[in-house]
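In the two assemblies presented below, subunit A is common to both, partnered first by subunit B and then by subunit C.
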Partner chain A sequence: MFSYTFQWKQAFARLPVMLEGAVVTIEIALLSMLIGIALAVLLTGFRLSGNRVLSGIAATWVEIARNTPALFQIYMAHFGLGSFGLHLSPYTSLLLGITFNNAGYLAENFRGALKAIPDTQTRAARSLGMTPVRAFGHVVLPQMLRIAFLPMTNQMVWAILMTSLGITVGMNTDLYGVTQDLNALTFRTFELFALAAVIFYLITKTVQIGARLVAARLFRY
Partner chain B sequence: MFETALTSSDLLFLAQGAGMTLIVTAIAVILGTILGVVFGIFRFQVGPWWAAPVTFVLDIFRSIPLLIQLVLVNAFLGMVLRISLSGFTVACMVLTLYTSAYCAEIVRGAVEAVPNTTRRAARSLGLTWRQDMSYIVLPLATRVALPSWIGLALGVMKDSALVYIVQVTELLKSTQILITRLQEPLFLLLICGAFYFIISFPIARFGGYLEKRWSND
Partner chain C sequence: MIEIENVRKSFGSLEVLKGIDLTVNKGEVLTIIGGSGSGKSTLLTCINGLEPINSGRIVVDGTEVHAKSTDLNKLRRKLGIVFQQWNAFPHLTVLENVMLAPRKVLGLSKAEAEAIAVKQLTHVGLADKLGVYPSRLSGGQQQRMAIARALAMSPDYMLFDEVTSALDPQLVGEVLDTLRMLASEGMTMICVTHEMKFAREVSDRVAFFSKGVMAEIGVPQQIFEAPRNPETAAFVKLTQA
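Entry: the complex of A and B
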């Protein structure tokens, strides 16, 4: 039945190169998450601000990020901005696209988390003399991040998986791009991509288990 | 400013791409939901230990990029087993399994959300397992599952943009082909994005409305 001989050795010989790609993948995912969380907090602030223009910007961002494919957003960052004369490197456009997506989804998560925090807390903080920004930063934000921790973990996994889309804008240093290049060299499509899949699986599992440990440590009380 | 080389036949080409996106999504969501319900109920019914193999396999679909899943299945069928299937078939197969992995999770959560006492009450009134499932669990679990399921269906529609890798010309791919020819990336991408948005946004809103409405009682 099998006329195909698996050449796992050839794939394993390329493992160091692929692991280097995995590092780039993790780097992009982490960066996009960190910037994405910061932007999402900002967007959440915009929504709460009561200013029509600001909350309009936030709502548009969130709806576009959530209602179009991530691949489209990366295309937009690469080719769309390109037509304004802003030519980004594949790395930057991939990072930009994923960050845009992350920020949109996370802002929605944060909004849900905010609903779970009683309004009275903000009022109590305000009557203790805190400024609105301090009340948000010291009272609401920590609780919000705690409630949104699990969705944030899921978003991190999504960010890792999304890095594979970089190939469409010519990215060839992340795990998927490296695998694709090696595939062009060796034609061991199945073996190489199976190895890449295992690496991806291990990364996402590490993130999930790590997040569970961190949550157990952070949220003891 | 608004001059474009876009012709009506190009628009038709885009519409065909959009049709392909919708067809692939419909097949994947319908078949994936059926499979997902089966897997979800199975996982709930036999308990975490016996369901571990199923859980593990389904978890793989959620832990590796869809692009890699498509490439792997395509390479496995084509190069290893030497079965020549169309890219469309491969895309539908992979997306179906991908959908079922997420759907199983939703279904399991929804069935678990039905209080045990309610089900025991049903059984002590003499309902069989099947009657309990169809008259008690189904209506209650649907309320929990439907909003997430709508989200999943929309997610699959957006993720179906990746099936270009197995030579299926869906909306985003056809947009890209036109971009290469017409060199008007922004305009074409906006049309493409608008299409996804117009389909996704109202349905997502409806899902949010259902979630809000059903979570109160």
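Entry: the complex of A and C
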């Protein structure tokens, strides 16, 4: 009944190629986070601007990003835009899709974090003669970052895992894509994907531990 | 000198200041007493421009606070304010709390700002708490830190908005002592307070506010012992019972 013979050597022989894929995975996740954070800041600004059009754009973005499958978002970046004549490479569409998702989730986190900081903090800063920008930068933002830090770490982990969805748009240079191609060549399905899972686990665990160390240094209060 | 002329201020349809006229001279300690909702705290936040006014004017050393051309950030360096909720910046140490504005607003170097901060914190009795985060301080200590933070800007006037109202009773004394010290050093102060004993002891003049109107103003002895306005009399009687 159980006739599968494990051949781990075959999988381990592919480890260097898979690690190269892992680098691409980390690269996409990092880029998607950096751009995502920038966009999330912008969207948060839009939402709080009081301008109907801007806050409408931001609200729509957040709604779609949080309430549709990430797979759909990546699909739309590739095939959706493709049907309007904008043909993006698998790499770019995957990056775009994950970035869209990150920005939506993070914008909501940032908004929540901002709400958690009482207005009286700004008032106290302004009463010391600080301009609105200074008051935000020196008093509100650092506190907001602390509140948003854990959700940001979670989103980074999620971004790493989301790169696996790239295979649906033909991505084959990231960890999951590489593994899938190797599987087609060797049929060592279990060994290869188990190895990929371990690599994913190690990356995300490293991110979490690293984030905890950074947080301990940054947020001592 | 702070000149307040016929100031009116509404929140929506509620008029909280109904034409206040008041002049505070340099070196004077003025306390404002009165019931909740009488407009006393609002007046303070109008003086440093945190709140706009509907009509009248407030002039601080010749500068009209609510004029469009007034640089409020610059004006606020002259006007220190301390609130009922002390509003410590939780992410900064006690020292950093006090150093922040001198560095970022006055543009002082780190060493200069630190020297000022240490001086002011020592002044309010927190010299041993410099590297501590505010969450480790008692309410009274946080409030004294807030006072040092305002003093670090070398203000010409200090506005105190019910600074002991949110404190546990046993912590009120240490904050009032700090205020007494400032008064004895000649700081010009406007204190909104519910501490009648303190008001009587420290003030040059006491103003009684009722329903958005300054019902009476006078030297402490007169206000507390021979109030002319029946509302003042009732309030004084009530608070001293």
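Keep in mind that, in the parts below, the second predicted complex is superposed on the first by the 204 of 221 C-alpha atoms of A that agree within 3 Å, B and C clash if a C-alpha of one lies under 4 Å from a C-alpha of the other, contacts with A are read in each partner's own complex, and residues count from 1 in each chain.
The working rule: contacts are C-beta pairs under 8 Å (C-beta built on N, C-alpha and C of every residue); 3 or more make two chains touch, one makes a residue touch a chain.
Please read these numbers as outputs of a predicted model, since none were measured by experiment.
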(message) Quick check on the superposed pair: does A:120 touch subunit B, subunit C, both, or neither? Answer first, second, both or neither.
(response) second
(request) Name the contact category of A:189: first (subunit B only), second (subunit C only), both, or neither. (result) first
(request) Identify the partner contact of A:130: answer first if only subunit B is touched, second if only subunit C is, both if each is, neither if none is. (result) second
(request) Based on the superposed arrangement, let me know which partner A:3 touches: subunit B (first), subunit C (second), both, or neither? (result) first
(request) Please work out whether A:220 is in contact with subunit B alone, subunit C alone, both, or neither, and reply first, second, both or neither. (result) second
(message) Please output the residues of subunit A touching subunit B within their complex, sorted ascending.
(response) 1-4, 63-64, 66-72, 75-76, 79-80, 82-84, 157, 161-165, 167, 176, 189-190, 193-194, 196-197, 200-201, 204-205
(request) Please give the residue numbers of subunit B that touch subunit A in the complex, ascending. (result) 60, 63-69, 71-72, 75-76, 79-82, 154, 158-159, 161-162, 172, 176, 179, 184-186, 189, 192-193, 196-197, 200-201, 204
(message) Which stretch or stretches of subunit C touch subunit A in the complex?
(response) 48, 50, 73-74, 76-77, 79, 81, 83, 85, 87, 89-92, 100-101, 104-105, 133-135, 146, 149-150, 153
(request) Write out the stretch or stretches of subunit A touching subunit C in their complex. (result) 120-121, 123-131, 134, 138-139, 142-143, 146, 219-221
